[in-house]
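A, B, C and D label the chains in the order they appear, each numbered from 1.
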Amino acid sequence: WEGEFFPNISYIKYEGPASHNPLAYKYYNAEELIFGKKMKDWLRFSVAFWHTFRGDGGDPFGSPTKRWPWDDGSNSLTVAVRRMRANFEFLKKLGVEKWCFHDRDIAPEGSTLEESNANLDYIVSVAKKLQEGTNIRPLWGTAQLFKHPRYMHGAATSPDVRVYAYAAAQVKKAIEVTKLLGGENYVFWGGREGYQTLLNTDLKKELDHMATFLRSAAEYKKKIGFEGTLLLEPKPQEPTKHQYDWDAATTMGFLKNYGLSDDYKLNLECNHATLSGHSCHHELETARIYGMLGSVDANTGDAQTGWDTDQFLTDVSEATLIMLSVIKNGGLAPGGFNFDAKLRRESVDVEDLFIAHISGMDTIARGLRNAAKLLEEGRLTKLVEDRYSSFNSPLGKTIEEGKVGFEELEKISLEAEEPPITSGKQELAEMIFYSYV
Amino acid sequence: WEGEFFPNISYIKYEGPASHNPLAYKYYNAEELIFGKKMKDWLRFSVAFWHTFRGDGGDPFGSPTKRWPWDDGSNSLTVAVRRMRANFEFLKKLGVEKWCFHDRDIAPEGSTLEESNANLDYIVSVAKKLQEGTNIRPLWGTAQLFKHPRYMHGAATSPDVRVYAYAAAQVKKAIEVTKLLGGENYVFWGGREGYQTLLNTDLKKELDHMATFLRSAAEYKKKIGFEGTLLLEPKPQEPTKHQYDWDAATTMGFLKNYGLSDDYKLNLECNHATLSGHSCHHELETARIYGMLGSVDANTGDAQTGWDTDQFLTDVSEATLIMLSVIKNGGLAPGGFNFDAKLRRESVDVEDLFIAHISGMDTIARGLRNAAKLLEEGRLTKLVEDRYSSFNSPLGKTIEEGKVGFEELEKISLEAEEPPITSGKQELAEMIFYSYV
Amino acid sequence: WEGEFFPNISYIKYEGPASHNPLAYKYYNAEELIFGKKMKDWLRFSVAFWHTFRGDGGDPFGSPTKRWPWDDGSNSLTVAVRRMRANFEFLKKLGVEKWCFHDRDIAPEGSTLEESNANLDYIVSVAKKLQEGTNIRPLWGTAQLFKHPRYMHGAATSPDVRVYAYAAAQVKKAIEVTKLLGGENYVFWGGREGYQTLLNTDLKKELDHMATFLRSAAEYKKKIGFEGTLLLEPKPQEPTKHQYDWDAATTMGFLKNYGLSDDYKLNLECNHATLSGHSCHHELETARIYGMLGSVDANTGDAQTGWDTDQFLTDVSEATLIMLSVIKNGGLAPGGFNFDAKLRRESVDVEDLFIAHISGMDTIARGLRNAAKLLEEGRLTKLVEDRYSSFNSPLGKTIEEGKVGFEELEKISLEAEEPPITSGKQELAEMIFYSYV
Amino acid sequence: WEGEFFPNISYIKYEGPASHNPLAYKYYNAEELIFGKKMKDWLRFSVAFWHTFRGDGGDPFGSPTKRWPWDDGSNSLTVAVRRMRANFEFLKKLGVEKWCFHDRDIAPEGSTLEESNANLDYIVSVAKKLQEGTNIRPLWGTAQLFKHPRYMHGAATSPDVRVYAYAAAQVKKAIEVTKLLGGENYVFWGGREGYQTLLNTDLKKELDHMATFLRSAAEYKKKIGFEGTLLLEPKPQEPTKHQYDWDAATTMGFLKNYGLSDDYKLNLECNHATLSGHSCHHELETARIYGMLGSVDANTGDAQTGWDTDQFLTDVSEATLIMLSVIKNGGLAPGGFNFDAKLRRESVDVEDLFIAHISGMDTIARGLRNAAKLLEEGRLTKLVEDRYSSFNSPLGKTIEEGKVGFEELEKISLEAEEPPITSGKQELAEMIFYSYV
């Protein structure tokens, strides 16, 4: 059967802000130029295969709720092919040219690693064929190292050497197929790389193993000539009580400590930012200022619940802050915005899949428009520059160059007047920011 | 006047667990040997001058409640001398040989830096005299860079170069007096080194300035031959919305990134661990395994409130976990356990100061006894070692030595059987642990 | 001296959304009609005397930072008069006609209750005079029962009967002066009515005392013919670990349980909602649907910190949700929007006071405009009504009238088909909502 | 096949605190008298069928991990019988005489309600037979109204009247079988009775429906002569964003508001207490003082994660606080301690099921011993009574009797001296408490 999965949904078009059509873009206009670059090139949207085509609505207290036309509940290769076809129909109708996947999302786990690899090869060949003649390519691929029971204690950080080896084999293969499909990045989210209790854990050994594993991955990538960026995705906890890649700062510190900073960048997720007690903007900026901002998982969490909700971003203020970072970063390429977001369990219409993505894309596009205008008019930039202007003085320069020690600074301070108390102008900064939202 | 401030309190003695006397130790027996070391040398307790002698019971919604015999509400030098005398009487009666201070706690801020320095010199000379003939010395000193309005935007991270210079002058002096008093460490807690909003903040500039400042401090320390350890104290937030030294991992990452790892260790506070979403044990272990565990601020927070409560630690389980880390670290020296803890606002009796410290010291001493027994009997240690035993195999060793790549591991995995699913034995580990509490 | 305190600030005018003038309204146009009612009558803005004229910038780690022209740091009657004059100049320049106060904010505590009452009488007479010829009146008054050490264990819930009596005397007087000034409501925020630890607390006794106290207040109000509404203000914690008026639901349950529901309504604060794990909208709706929504403390908290930040509301989405509740409630009168919000510690310019209030007022005004349009166009209302439409069926009606029991319902269900799985349309609802923001 | 499921585990015996045998009780000695009552009658332990016999180790990021000998992964009646037999073998080996169940845990959902009822009848008959000749009976039964997609929007609060009816039918049946099995209580945990977003929710309608539903349940219970207690179980959120039975206070307020207080008590879960920002002790006390404490779900959550972890309680301090409430309540009968706790996902040995229950039972038994001793020696009780002693004065009595108004209290206060500032003795209370742990 070669028919459509979404026969009642046509290609989503840009209709502008006045439209009430849920199946149209109001802010995302792919070819429109912002600061001389197309919106689609600023945003590089990607659909997450797992949420959109494998999400079944199950939760810890409830059974699956979705009955998608491409699915029959089985994990067969036949259904895997249908899902992949649905994926491409969905991408085309949305007008999105990137997608992200885990190896085991797209192809069923076999009874042996060999069989799993064969399944994967088959589905990858299907995907490759579907990609032909299109601009559609993976934003990134990854290996699912958290779902199978063998990984319940960790993959790279498993106490069992056989599991470490198995994970290595799985990542090797996943990098290869990402390369084959023309993927631009490869992501590590170590869902089980952490601990449930320190009482049964050798923390140092696990962190050392994780570093060794990542070092081997970087070596293998080079060996096969994969040009994509390797990305680590921080998350503080869930499913483990403590995940080693807690947040951007922790992850960058880990990379630095083990000499891996040049081989990895970060894939930051807004929802994970919330769980770690930070704003998404904070996480993006923390990575950006050190050149470590690689890609973004564009979703949102719920500040009032303590678990991963992976919702589509709808808050325009948040989107504006995110886009401030992205514009300052000169964009995200070869990274992009992957919609690591899922429908609510209670949203069971095929239409809801489109509405959710359109809503998320429009929110970020609106953020891009706002941020561009904010930066263009420069009121906030000026406020910040003015605050630090005293460091443009000769003394400021000397300090920043590390050429002045505590003794000279004491001498200066003993002679100087008490420094003035100057307003931080936070309320003004907020007034300016919100006037662009 | 040379009289006593605590005339009704005698020297606190060890009376053993059966005692009902609130003014006696039930677990802390200073000279008793644990693993061949005196309890007092394992614990190296220190009284925090600021909470005990400057804490007035004020909170954001309430006025001061305490009326201590050494205080008259003024910030005069005369009262400063009385407070210092009270400090030494308190230390002696408790049998504690260390104390910690901020420059501005012990001596009043003057109208100029010169005057402030003179005040500090005077009080330091008083303290030095009181130390004579005793073993009492500072565990550490520090500069108060968060209370005065000049520091409201930060000290090392202030946007005003004059404030940076002033802070440098103040730290220089504080290191000097710490050295003069025989202090064994010097601590940086950057209460204002953070931001209230990213909207008015240049994040990169502030972090660079902070690193430069710390580098200068380390240089000055060496220059004057101060042998003490420099310590950074992480805290995630409060008073700022985001403090740069968020937690142990973030702080170590920062040090690594700016090449400062060899010059600094960490002073970890349990209450701050809670605020950052970690257990105190997690923070201690995170630092310990990389050789960065310097000293401990022994207090506790409230897992259900979101602000800094600085309570005396009373939870024996927590104390046992803390002491597991400390014993594995071979102790904390030259660091120790500083009671960065304050009486509740409603505790206004002089007696309460003693009860609180005795309670905190006994809790940690109980933790030491429990942890020593737990390690001695080895049941938990064995459980952990068994979990990782497969890494003692030839393959495990080769992996740990970084001598095997993804290709070999794939080959091995393709040939191997599916790894077995082995229990993590968390409930057993907890059963064992709690049987020692 | 009779001069101006804000000589450089003129009367704030409405200039519309395009204006870049920080000292102008962009959305708040007092006389403009929305749904046939003036914006100022929908919003009934009020300035909080304590934050604006007593806020000094002190925090738990820092000294005061503000140096306002009306203040000299003393707590004298002379300064109290200056502050009151500044309050009226501020109200007039903002174009706001309501203010809120605690007894001890506006007049200094004396050395006896008698003296405190005299001070209060004097300042109230000054305020009354300043009110003459204006429409300015208190939105509400209240007694400060949390700052003085005598209240450290509670006021109505103090274990000391003398404190209970003292609090009664203070509330009696505060109700009287609120009446005298033409105040429209009287608020109870029981900052110390809670516990720090259950270990030293008789929970039942304290709750019983609180109910008795509130019953007496309602009786006294009637006795003197005060027509204003009595309002309880929920907050979960801080300064106590647990405050009895935890949130809207808890407070309404308490009132119901003690037979006080007819005498009290709620004064809801957004910042307190956040601290209790709810959205502000949730709290407003919880009260509104039972007719208990009395007034709003219009501020915001920080979802990522765990303490009371009392910031000016700037989030337009939140403001829109708030205004949805308020419009559905038919407005808040005799309640209103009190700006229980304070400048950031680092905002020390007189101008910042104006900017912050303008920003907060504009945010809420924007919310009003959005919510009115959203309700007018009815798309979201319809979505909700459709979801529940099956309850308009005969069976639905019978169930709602309580006329059908479990046996009939079992019979119906045994015969019926499996109910269909219908989408909750959350993403569509969010898309619609955000298109009005 | 009639063999044993736990052939290597013998009957668990009491061996006393010195035992290192993981499969023995060290503190729980069923027949030992505490305050004249057997430990087993104080504690009334119950095994939760769902966690122990249906828990498969799946989590939102992972597949099932358990391979129990009674299970084959199917949901057949045959396996249901095996599970029930395993349950009784488990209960007997543990020496526990109560169990709890949901209708759908013990018997598979059929393709129609009729078939589901038939399945349930069959398995109940099996269970009834297994109960014969034993003292084993259900502590409580309940209906599973959260797992099936039909309930995704709520059961009693579903917007679909057909779902409301279906839920009524299911509860009717579940009450009947609970009665048949000799169950002593019936529990409502409304996992889906809440909202995901207010944007698509009619809050008032849902709360009214919930009350109507509960009223009908109470009526039906009386009609069939079921003598058990009806219990509501609070939880703040998860799976919904906001569950209506948020915490004890909210739930009691709801019951009061709808006139249902006499028909229901509360089933309190420690883990849910944590999620709502309260201690378990707080929740128990809040219910106890108003006579609403019905039963306890004895587990624990993780203060640092924001989701439901349902762990076995191991913290002795917490257990001691819990038992303080329970002893003051005169026990829990006809309620008890149900182990609503599950093995960690990584604990896959049959032995772990025993270890976890033994650990949980011993922890609570230890709490009982500690609390009994604490109450017997009376030091803490006295401290509390002393704090409130001023209310034993004539004035105190008059106030408590509601016989004195604000005018008299003002007169008294004007004449009285300033009330003294008395210490709350929190540190002393903590020292006393922890000396019993």
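As a convention for this text, a residue touches a chain if its C-beta (ideal position, glycine included) is under 8 Å from a C-beta of that chain, and two chains touch if they have at least 3 such contacts.
Predicted model only: the values in this text are computed from it and were never measured.
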(request) If you line up contacts by residue number, which pair in B-C, C-D or A-C shares over half of them with A-B? Let me know. (result) C-D
(message) Nearest whole angstrom, what separates the Cα centre of subunit B from the Cα centre of subunit D?
(response) 39
(request) Could you grab the centroid distance between subunit C and subunit D? Build each centroid from C-alpha atoms only and quote it in angstrom. (result) 36
(message) Give the residues of subunit A touching no fewer than two other chains, as numbers and ranges.
(response) 65, 149, 152-153, 196, 237, 277-279, 304, 344, 346, 421-422, 424-426, 430, 433
(message) Can you tell me, using the touch rule above, whether these chains form a line, ring, star, complete graph or other shape?
(response) complete
(message) If we count contacts the way the header does, which residues on subunit B are in touch with subunit A in the complex?
(response) 112-114, 149-150, 152-153, 159-166, 168-169, 171-173, 196-205, 207-209, 212, 215-217, 219-220, 236-237, 242, 246-247, 249-250, 252-254, 256-257, 276-279, 281-282, 285-286, 289-290, 321, 380, 383-384, 387-388, 390-391, 393, 395-396, 399-400, 402, 404-407, 409-410, 412-414, 416, 418-422, 424-426, 429-430, 433
(message) Under the stated contact criterion, what part of subunit D meets subunit B in this complex?
(response) 20, 22, 26, 65, 67, 277-279, 303-304, 312, 314-317, 343-344, 346-349, 352, 355-356, 358-359, 362-363, 379, 421-428, 430-431, 433-435, 437
(message) Please output the residues of subunit B touching subunit C within their complex, sorted ascending.
(response) 57, 59-65, 146-149, 151-153, 191-192, 196, 237-239, 241, 275, 302, 304-308, 344-346
